[in-house]
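Shown below is the structure under consideration.
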Amino acid sequence: MSPTNYLLLSGLLFTVGAIGVLVRRNAIVVFMCIELMLNAVNLSLVTFARMNGQLDGQVMAFFVMVVAAAEVVVGLAIIMSIFRTRRSSSVDDANLLKY
Amino acid sequence: MNALAQVAPLTAPPIDYAAIAPLLVVLGGACVSVLFEAFLPRHQRWPAQVALSVLVVAVAGIALGVYAGSAPVAGIVTLASALTVDGPTLFLWGTLLVLGFGSLLLIADRSVEPGGAFIASAVERASVAAAPGTTTGPTGVDPEHVDRSYGAPGEAPTMQTEVFPFVLFALGGMMAFVAANDLLTMFVALEVLSLPLYLVCGLARRRRLLSQEAAVKYFLLGAFASAFFLYGLALLYGYAGSVKLVAIATAAVGTPKSDALLFGGLALLVVGLLFKGSVGPFHTWTPDVYQGAPTPITAFMAACTKVAAFGALLRVLHVAFGSTHWEWRGVMWVVAIASMAIGAVLGLTQTDLKRMIAYSSVAHAGFLLLGVMAITREGVSSTLFYLLAYGFTTLGVFGVISLVRTADGEATHLSQWAGLAKRSPILAGVMTFLLLGLAGIPLTSGFTAKFAVFSAALGDGMAPLVVIALVFSAVAAFFYLRVIVLMYFSETPEDGPTVTVPGAFTTVAVTLGVVVTLLLGVAPTLVLGWAGAGGLTG
Amino acid sequence: MNTAVMNTAVMNTAPDTGGNVMLLVLLLLPVLGALLMYPLRTNVPLAKAVAMATALLEFVLVVVTWVGYSTDAASSGERFQYVFSVPWIPAFGTHLAFGIDGIALVMIALTAFLVPGLMLFAWAEKLPEGRTASGYFALLLATQATLMGVFTATDVFLFYVFFEAMLIPMYFLIGRFGGPNRQYASVKFFLYSLLGGLIMLASLIGLYVTSADQLGAGTFTWSDLQSIAQSTPTSTQIWLFLGFFVAFAIKAPLVPFHTWLPDAGAEAPIVAAVLLVGVLDKVGTFGFLRYCLPLFPQASQVLAPLVLVLAVIGIIYGALLAVGQKDMSRFVAYTSIAHFGFIALGTFAFSSQAFAGATLYMVNHGLSTGMLFVMVGLLVARGGSRLMSDYGGVSKLAPLLAGCLLLAGMSSLALPGTNSFVSEFLVLVGSFPREPVATIIATVGIIFAALYILWFYQQTMQGPVRGNAVIRALEAGGVGGPGAMIDPAVAAERGSGFPDLTKREIGVLAPLIVVIVVLGFFPGPVLDVINPSVQSTITEVGLPDPVPAGGVVGGVR
Amino acid sequence: MTAPPEVLPATGAGSLAWLLFAIPAVSALVLFLAGKRANAWGHVLGVASVLASFVLGVVIFVQTLGVAPDQRTTELSLYSWISSGTLDVDFGLRIDPLSLTFVLLITGVGSLIHIYSVGYMAPHAGAEPSSDSSRRRFFAQLNLFVAAMLVLVLGNNFVLLYLGWEGVGLASYLLIGFYQDRPSAATAAKKAFLMNRVGDVGLALAIFVLWLNLGTLQYTEVFARVGELSGGTILAITLLLLLGACGKSGQFPLQSWLPDAMEGPTPVSALIHAATMVTAGVYLIARTNPIYDLTPTGRVVVALIGVVTLLIGAVIGCAYDDIKKVLAYSTVSQIGYMILAVGLGPAGYALGIFHLLTHGFFKAGLFLGAGSVMHAMNDDVNMRNFGGLGRRMPITFVTFGCGYLALIGFPFLSGYFSKDAIIEAAFGQEGWQGWVYGLAATLAAGLTAFYMTRLMIMTFFGEERWRNLKAPDGEDYHPHESPPVMTGPMIVLAIGSVFAGFVLSAVGLNQWLAPSLGELQESPAGVLPHALVPWLVLACSALGVLVAYLVVGRRPTPVQRPEPVSFPVRAARRDLYANAFNETVIERPGIWLTRALVFLDNRGVDGLVNGLAAGLGGGSARLRRLQTGFVRSYALSMLGGSVFVVAALLAVRFA
């Protein structure tokens, strides 16, 4: 199978993630969509590594995973904290700052 | 054995410790700071953290100064070519350290807001409200919370000190960000600087809802933007086979691969950076976060994040994409104009001072882009100078904002500033001067910086853009002027805010902002020399 | 980093060794005076005395400067005197460079002459609630300082710095001490001027880049830039010229960039209005002469028709609008717009008479309009209203005041025997050879000048005693009855509802009157100073004087 | 024409010529500055200064008479006034027969009128002399006028002429508006100044053209080189100068300010608006005769303007009931004669000046007489309220009568000599010009006789209509003779009116003026023989007197103005619609234009500026609504921005 297909899949996943960010209200789900975008990138990296005949891309994918994990920790902490105050995890409810 | 012998011996990449010492000191200090947070008794943490932070920044500064004195003009690439330490890096590091120092002073000040501006969570807030200064935990409150509350019996409430390691980590991330020689390092640094910022945004003692909302927005959008950055990185990797900036530059000159990868990657990468630099139309988080975050943190973000983002942008565009600037410059023109227009026009009708400064920051990002787009030495040096000048002025502005308060906290609504000059002429004078600096009036750093950036842009054939930028400068001047009009020409409202007598830390920070704004306006030669010393090494 | 070598090395044609510090003293003395106002803010009488002493000392120093100015040296080609120069920002090629030619000299002399009188005028002025006289005087001195800077700078960058900086004290003068609509007026003034200044900044940078192209290193030194003026392509010159022109046209102001002036002039306190219209706006016309023409000679010639059209429109338009005004301060502002048209006409007519006339016009207009504004201020101090229709028949009550107003008006309409005639005559006679049509229209403008001045005089001074303000003041009897808005000092001194001039007011007016009349008959000393510099400007523009010694015999062109 | 005389530096008393105008100028300054302190003695200083100037003028005159005619033109350069580039305007005086003639007229008649004014402007009975500052103010302004007028005639270049020219304009403005609280006076003053300024524009432009072409403004140099200019240029210069002359001298089409100027005190009307200032236009044309000599076309225009004006003045003079306005239109008409004369060229310059001098005497006398009548009649000017005053004020009657006879050209009185000479010269022209000029001048002579006779009859003869009337100020009329300080000057002027013509023609005024004006060329026998002209004029005048007697003298004069009247009378009463024309064509559209421009400026130009600001503000207010506070919409805008950047970059690359 042509590696290009993996790239297309990666692009598709990235788009799905981005659209998810736009359409979903729950902060956790929004966050998961972002994770999806990161993983789409991972797929690209690995594919490119394969295409280029290198390992660099695969190593980078590990870096991305670690960073994503850190992001999860911080993100969940923030979402938890606002959930505790507001008793809601809808991103649309956090709407005091505007204009 | 044989097989083992055949494996080439691992040679650790050479590391120029002297060059990266400032970075190491800051990151190491951040780690120590975490340890302090974990092991020191509560009431000792504040003095210890403040001392540590100041020490870290000072030592890093000294290390930087020592190295800069003997640094090769061409710059070096070290740490397995992950970091570049060249003239701009050193300048940006210096800028970040000094601005970070100023921000830390604002953060550390407990006299303005009793107990400091930071608190960990809403529940604690509730406990404080229920029993301020009580000796033992009141019934119904989790003892753990009491333990983590405000210091020893009878003492003034201490502040939440997690903010110090966060800020130090962020600072370290920023320093790595601007020195990164490949995109992966840049990505990691981006996260290192971003994650602590997301957290500290939500730590405000007052107006918790706003603060947390700011944190959530910042986090979600920031993560969204880093996904773009990362996808750009992947595409560029696919194009060049490497994420090293130099390799990308080399590949751009001659490679059989599709340019779609190059430009798609460039676009997405730049979007991620523009987001951090709050350039319009990627600025949407800026007003909300500036307004919602605790003011000292806003100061830190406004000053340092901008430095870091534009430092990185400068490096990416100049080193990796300098040869293709004819292709991307048109698009960046549009972005720059959009940013200036959004900042200047939307700022006109803002009623909250912090939001207004946020829009001002968007407009300034547009002006900065002019310098970044000039692929010349003047382009680099003028952008560096602009970042320094803008950072100090903004720091001073937020320092002043933190001083004007009502019983309800900071008085950031514009109407509350009416007639301030009558009650506090010095503060109004300082604010006026800083605002004139932001507006770019001569004899302030803002003017020198604008002049430098615009002359670089004009020298690189962007005359129409310069004219547009100047027109938007005039538009933007209106909202700075509005504040001055309010302070000087309007009558004081009945229940106007009071002006807190600043503590030593805030005084130092604001004074720093004012003095630098003045000095860079009157005698910028020295700093201009530093900014122009050595180009980007790629 | 200490090995830094800027690739934009500095041109070294400007002497970097300092020089004559006289101009520096002239610049710093008012700054010092202004700073002293802060510690003295609680002791208002002392503050006033110090401010006045500063202004007088400044005047004395300017007189000394004038005496030391050598017209012989100027005639023999020495472009600037009292030269002082030290490098400022080497990276930008800027210098702290000062120097004066005859044109700048008369402008600083005008400034130094006006300020003490204005302080005397403001001595007993009733300030808005919560404002102190020390702040007022500090701003006046600060304005003076920036004006000194803007006229004496010989580095274009430095000029720009002062050009923008002078907005700030004026902005505060209008905004803090002005009339009811002061916020609007001050912001409009500031933004309008700032916009112009910023557009000029674009040209300034362009000029810098051009100089870097031609000389190898960018510079802002005026004489260096002038030396490359002839070799700069005309198309480049036009763009650069336009940037400067917009700034100066806003400052001067020329129609259609004028609408800020009536607002600012009307809302500003009188002393600020005098400085604003009398001196500060002259920076625009000064800029034409010092920067636009010598630095962009070809562009100036190409675009002269455009400017002339604006100038001529301004003469007629300003005059007609002046006739239509109801507010006295706005009226004076509109007359100034007409006068600025004359100055612009002279400036872009490219003859030595027209240049000299335009320069002299700057001085004379400062004096005559200054006096007219002062007269309006004296009326307002008595009647508390700026509306023309609130006054009438004042000559019956205050003949001296009426007489002074008439003299100011006569100077404004350029009656021979007053100062303005000499300048207006020179402008017109000098403009006619090159621009006959514009000159004819401008000459027709002198009818309108008579019209608006006499109309104003008739409205306020002649006829039976009438008008709300006058009647109210008379009824109040001078002791501040209900609703009376009379300057209490004025009323107390004379005890009458609408008193004639007081001694202090005569003290303000007398020097102006003397100068107005003396310069009408003996303009020689001023012209002697101006002429050599005007000749230099002619040379720099590169056009020959249109009328040779024997005239152009043969008929109208 | 003869070569221009050599110009010598002034010597002896001539070198003190600057004192001629300096003395009254200083006096004016003192009177202005001294304020109330000078109320008591201000008039004395005023009179003394003019007398001093007169004495000095006489001394210089005598000295000049003592030298040969070709050495009578001298110059006195005082200092360089305006100097720039090649332009160098001297503050220099030219003392020659023409200027000396004017000096004597101005200071002589001026002295008399100053003396007269001491009485005329005396504070009203009961007023404390030292508390009334109006007389001091009057003398200050009158002195200012004398000084300016002397500068006008003495200047040796066009710019100095212009200085005097506008200087007298200012003095005239001040004095017309002397009664400041009268709105009509203020309006009249303003009108005078404005219409003069219209003329001044012409003069100024003439100066510019001369400067452009000759590079000098000095009379001597201009006259020496003016021949080098092309005909068109010369014509342009002469017409522009004529415009200036029309403004100052109340000539068509700028005549309508002069009657209004009668709002000023009567001595002012006598001095400024009859004897001296309004003749400045004649002076100007006479002075620039070397230029006019070169352009017959220009002279024709001058003469036609004179003809039109003299007819207008004479016609309107017949219709007015206001004694001063009748005299004012008479002045307009008589100056028309002078302009006609100088328009005739070398055949008429000296005649114009001659008439100017005799007119100076009799018209000043007439005005002073009118002032005396007004003084007696509570400042009333309406002749319908007068009547039979001859018996009440005999001196006034007699002196006024002398002036009257002189004006209508009664044989061997001064008007007879000067006016008839002009009419003779007019008939001396060739072709249509001779007929037009001559017949118009003759007709106007008849009209002059008519209106002046009407004036005499209505004022001094007939029934004492004032007995049954109240004065405008509500008092009864108590006509009485004026004090000697007023009648004295009137007597002197009356003597002048009677004898000046004879004396001046006997002593050879024409020869005296020749160095300045060239030799007077006897006009050739033109369309009518010379011998016939005096008889024709005399007959015409007699007819005018007769008609006046028949129309006015033989029946009682109604106190109320008769209405309605025939169209010619209506037209004449309305100044032949000159004011209506000005109002309709200039004033109303001007006011409309001004209002429109004010509107345009506020709403249009400033509206644009404010609109731009409002637009930015409004745009800002709308756009900030896009910042909805929803994080997802922010993400959308970021995504949109990213898509744009990607698409644009790819488009740029692959387009």
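Read from first to last, the chains carry the letters A, B, C and D; within each, the first residue is number 1.
Definition applied: a contact is a pair of C-beta atoms (placed from the backbone, for glycine too) under 8 Å apart; a residue touches a chain by one contact, two chains touch by 3 or more.
Please read these numbers as outputs of a predicted model, since none were measured by experiment.
Ranked by distance of CA centroids from chain B, the top chain is D.
Of all chain pairs in this entry, the one linked by the most C-beta contacts is C-D.
Central chain assignment: C. Criterion: smallest distance from chain C-alpha mean to the mean of all protein C-alpha atoms.
The geometric centre of chain A is 25 Å away from that of chain B, both derived from CA atoms. Remark: chain A and chain D have CA centroids separated by 95 Å (rounded to whole angstrom). Here the spacing of chain A and chain C, counted between their Cα centres, is 64 Å. Chain C and chain D, compared by their mean Cα positions, are separated by 37 Å.
For chain B, residues that reach two or more other chains under the stated contact definition are 216-217, 220, 224, 287-288, 478.
Of all residues in chain D, those that touch two or more other chains are 624, 627, 629, 631, 635. For chain C, residues touching at least two other chains: there are none. Chains that are in contact with each other form these pairs: A-B, A-D, B-C, B-D, C-D.
By the touch rule above, chain B contacts chain A in their complex via residues 121-123, 184, 187-188, 191, 195, 198-199, 202, 208-210, 212-217, 219-220, 223-224, 226-227, 230-231, 233-235, 237-238, 241-243, 287-288, 291-292. On chain C, the positions that touch chain B within their shared complex are 1-4, 6-8, 88-92, 130, 160-162, 164-165, 167-168, 172, 175-176, 182-183, 186-187, 190-191, 194-195, 198-199, 201-202, 205-206, 208-209, 212, 218, 239. Here chain D touches chain C in the complex through residues 32, 35, 79-87, 91, 133, 137, 159, 162-163, 165-167, 170, 173, 177, 180-183, 185-187, 189-190, 193-194, 197-198, 200-201, 204-205, 207-209, 211-216, 225, 228-230, 232-233, 236, 590, 593-595, 597-598, 601, 605-606, 609, going by the rule given at the top. Against chain B, in their complex, chain A makes its touches with residues 7, 10, 14, 17-18, 21, 27, 30-31, 34, 37-38, 40-41, 44-45, 47-49, 51-52, 54, 56-57, 60, 63-64, 67, 70-71, 74-75, 77-79, 81-82, 84-86, 91, 94-98. Against chain D, in their complex, chain A makes its touches with residues 18, 21-23, 25, 30, 91-92, 94-99.
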